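Quick heads-up: structures coming right below.
Note that subunit A is present in both complexes that follow, paired respectively with subunit B and with subunit C.
Right, the complex of A and B next:
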């Protein structure tokens, strides 16, 4: 099943960190960006902000590494979820994650990852610059194409296809 | 297809899970010698310390009961490869494919007194129950692998007085090099655990129960001895069935987890595989390796051709709140020629990276595990350090990754 994902537009982000605070408040009740499941990294050389967040890998290394089999793919979708009851906080998944996106929650003493807030991510809702979006992977690609078409030809992609006589 | 899995541990369950995911029609039977459901052996020290409850040990399983038959408390008596059958509980069960995941067992040395009550191992839930009901106050842990260290810390947190006896000159000799091992030793000793290295246990003394332990150079009075001095593969079944055993004592398998017999596969603690970094035969008795091997074995069983790349040693440990990790090889396991050791020590953290022939061969860290995941992947994918610099060419990212400060020296 196709699942919506989080997307971050680097050119719109100004690194205010509101998404981190909202995330921490929602999941741990703390106004503290260390507890956030999404991290904003400041790359000063390229003058950009990147969002680091669980990418919901298809073959997730954290699932194989987990000592307690707490991490699994949600049946019916492809979201990586955790059953925190069994988690012993060994941090093996934190080590295995190639994106450094598993976060150690110091209050619960367990490792957590982004759960997309059950389908309504608060970080997207609160992002003041609309840099974060929650979209289907295909839709996101279409939007990017449209944007490129808009920049190059001044019209949307649909119009470009009409003009060139091709089916969109 | 009828598939029989011997062993109800991490590898056995992962194999059943994979078969269930890939082939909905396969009939799976799991034969477990212990009569308790699937639990995590890695969390046993946490249970010993009382940090988790007993029911938290038993793991979530998404095996469907109508397709997977789990027979607990039924040890396999023997395997008959020529008839494609195993006998368990006086019954003959036929298979098309057999997966052996019989695991390992702790070894007790052949010295006097190990039969007295008060000698324990840490392998199953029952062992922990026995230790808890014995309620010891003064304990000697023999062996300082990760099980030994974790058990010592767990018992110390219960208020027991704990001593560790290690035969080698440093603690965790198979996991860490000398300097990081020294740092971990200091952390443990600061918290009141007594450590004696370079000593060998000679005798357990006592009349009706354990009263003390005699080593090469001292006598320690104690009321319990915990043996954490290594494990041995359970290969008796395979050996009796005529399956080839490797030089290191595990069942010999090829890269597809196939044994010398075509319809029999093996995975988990009981096999010997090759090392990911050197390609030499190696034993890898770790949970994550067992799961990866089980997945490969299960898929090959169903007719796919998947190759297991090799085992990578990866240990994550917490010593009194300080995260420690080790991956890959040690300094002494590598050839000296062309070996570069990068060390970076700050007040709270220590990083050590071993580089040989432009490849990262080993990583050890004490005090910080931040951003180690990417470095681990650079090691797994064999990316040269110069290439890493090209990929992460930003001072800001460098600041976020403590190990980058260490590897920075190498670039200059």
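Right, the complex of A and C next:
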């Protein structure tokens, strides 16, 4: 069964870092920018802000790397979860993650990742510009296609298809 | 201690000693944070008559106490020292990410004393503090220096001075990263006199609120309130550029060194539509939901390739109208000012002052080396370089208009300053409001950012009842939601005659802005309109665990304001200093002059409202006693 995931729209993001603050406050009761499960990267060369966060990969390198088998997919979903009790804090998964999305929690001295707040991500709620969205992967792609059509043709994708159908 | 980092860093540059000072709970409760701490520390530690550019001056950076929470716009920090421009309390505020980073390094502020022998920079990495040698960046501009420092210290937040600060230009600024800065009152010159090129901050310690859930809830409430403000949408889209056209319409711009009130092509040149033309994306400071900053980009023409965070009203008015440059040149001027590390408002005023002297024949080509004319961008930028590097005539102009005017007989009439600080933006001859009175009452001299009516109405421009009142012009719901004590609200705003009492509102506005600067939030209109002491007191209590009522919070802010006034009096300010430049009283601009006696009457009312002596403007003993100074 497909789960909802976190999506970040760079063109809407202002880089205010509110998502980092609420994430750290929610998970640790304190603000510490190394503690946040989501990271906003300020790339001034490309004039953009990127959000780095666990993408919940299907064949996750972190799962393959873990010696203690403490990282696994939640039964009945495709969310990556961790058994922190048996984690030895070797930080191998942090190195293995191709997105740099595994975060070393300095309080527990274990590596953690985004747990999507149990289905109600706080960062999405607090994002002032709605740059972060929580959505099904397929729906998100549709929305992006529609948005591209709106920008390119000034109309929704459905209309574009209708129009091109008439032409053909 | 919850909410605060709990200690301050004390650096003695002369002896290269570093100490930490524990944050006293009394200081935290009575002065809240930010500018409040600065006021207390400066008042206690700078001796009377100290040279602003000497070793006795103390440079203090303090972070606002709400920085680190998701409360909207909580990102600001304040730097203060004795100002080389006004010889009084110098203070400047900036946002971006530095305040949070310093707090995460474990410090509520840093106190910098003494003078280093040779150029140094300060590296703060949590508990490892080092004073390092900085000859490799001394003499380089701010952007180059940031690149060189970032290569050594990956991912650090950096504040630094450019060449202007090194050369002790009296209106040099401290740059905060590439695009932000502590602009006014010459704090960069103080840092330059200490031979401190940069402060590099890294840290990842936690900030622990007393009640994290409460902080989250109140932040969400604050977000909701700000989003409901009438000016919120416009501010998100255009930032402060919203106000350029109204001020042009009121004839209240500083055009060509205040010789005119507006420009015929002002709307095309600096209306808010230029944000759509040049702006590419919004940039927010930490925790900000407004994101009024725009990245401005020029793709073609003479200044192709310029990329700055600009499109703010202050630099636009300073360079587009005061110096008279084109839109693209005024965007370029932001880059140059940020590279040299010089205050955009004051440098624009000084260049306009020199151009008018040239026009009037007081200085000539032999003095300058090239021709000066309003609107000539090459000349303006050459002069900006000369001022920053103190070459030729720039050496005199780098002293600011007040001191430079002494060099040439007759130049005094064209020097536009209050207490030595150049007046930016608005001309009181075109519009009289709480904002313009604020230029006289401001603790840091001729500046517009410390007194602004929270519900200023830019649709009307009426000079009611001889400078006493301004038009309110909003409906009752706006009055009802304004967070102000009821008795004060009914005294300040009269709904029947639809007016705002300027003297009473000035006091409230100054205290409110001072409170914002203490807790570390921004003074953008959507915030001022909606966030008041009630919500701030609640979140302060949640953050620090110290019980605090709205009245106590406002009293803390008033206490800091009075202390800054006492600082100024100790360092030689007299009642007669609170007056506009002569030009505003004598020279007609769109048929108006400022009436000296009537302004004096309002000023005396304001002093009375503050509990100060109406004759001298000194805080009365009973006021000091009430505030417990």
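Everything that follows uses one rule, which is that the second predicted complex is superposed on the first by the 161 of 168 C-alpha atoms of A that agree within 3 Å, B and C clash if a C-alpha of one lies under 4 Å from a C-alpha of the other, contacts with A are read in each partner's own complex, and residues count from 1 in each chain.
The rule is simple: a contact is a pair of C-beta atoms (placed from the backbone, for glycine too) under 8 Å apart; a residue touches a chain by one contact, two chains touch by 3 or more.
Since this is a predicted model, take the numbers as computed values, not measurements.
*Asks:* Could you tell me if A:128 is touching subunit B, subunit C, both of them or neither one (first, second, both, neither)?
*Replies:* Second partner only.
*Asks:* Could you say whether A:38 touches subunit B, subunit C, both of them, or neither, answering first, second, both or neither?
*Replies:* neither
*Asks:* So in the superposed three-chain picture, is A:106 touching just subunit B, just subunit C, both, or none of them (first/second/both/neither)?
*Replies:* second
*Asks:* Could you look at A:69 and tell me whether it touches subunit B, subunit C, both or neither (first, second, both, neither)?
*Replies:* In the superposition, A:69 touches subunit B alone.
*Asks:* On the A-aligned overlay, A:54 touches which partner chain: subunit B = first, subunit C = second, or both, or neither?
*Replies:* Neither partner.
*Asks:* For subunit A, which residues lie in the overlap of the subunit B contacts and the subunit C contacts?
*Replies:* 44
*Asks:* Per the contact definition, I'd like the list of subunit A residues that touch subunit B in the complex.
*Replies:* Residues of subunit A touching subunit B: 41-46, 64-65, 67-70, 72, 75, 83, 85-86, 88, 90-92, 94-100, 102.
*Asks:* For subunit A, which residues count as touching subunit C in their complex?
*Replies:* Listed in rising order, the residues are 11, 14-18, 21-22, 24-26, 28-35, 44, 47-48, 106, 126, 128-129.
*Asks:* Which positions of subunit C touch subunit A when the two form their complex?
*Replies:* 68-70, 72, 97, 100, 104, 178, 204-209, 212, 215-216, 220, 223, 227, 280-289, 291, 295, 307
*Asks:* Across the complex, what residues on subunit B touch subunit A?
*Replies:* Touching subunit A from subunit B are residues 13, 40, 42-43, 46, 51-52, 56, 59-62, 287-288, 291-292, 295, 314, 316, 318, 323, 325, 369-374, 376-377, 393-397, 400.
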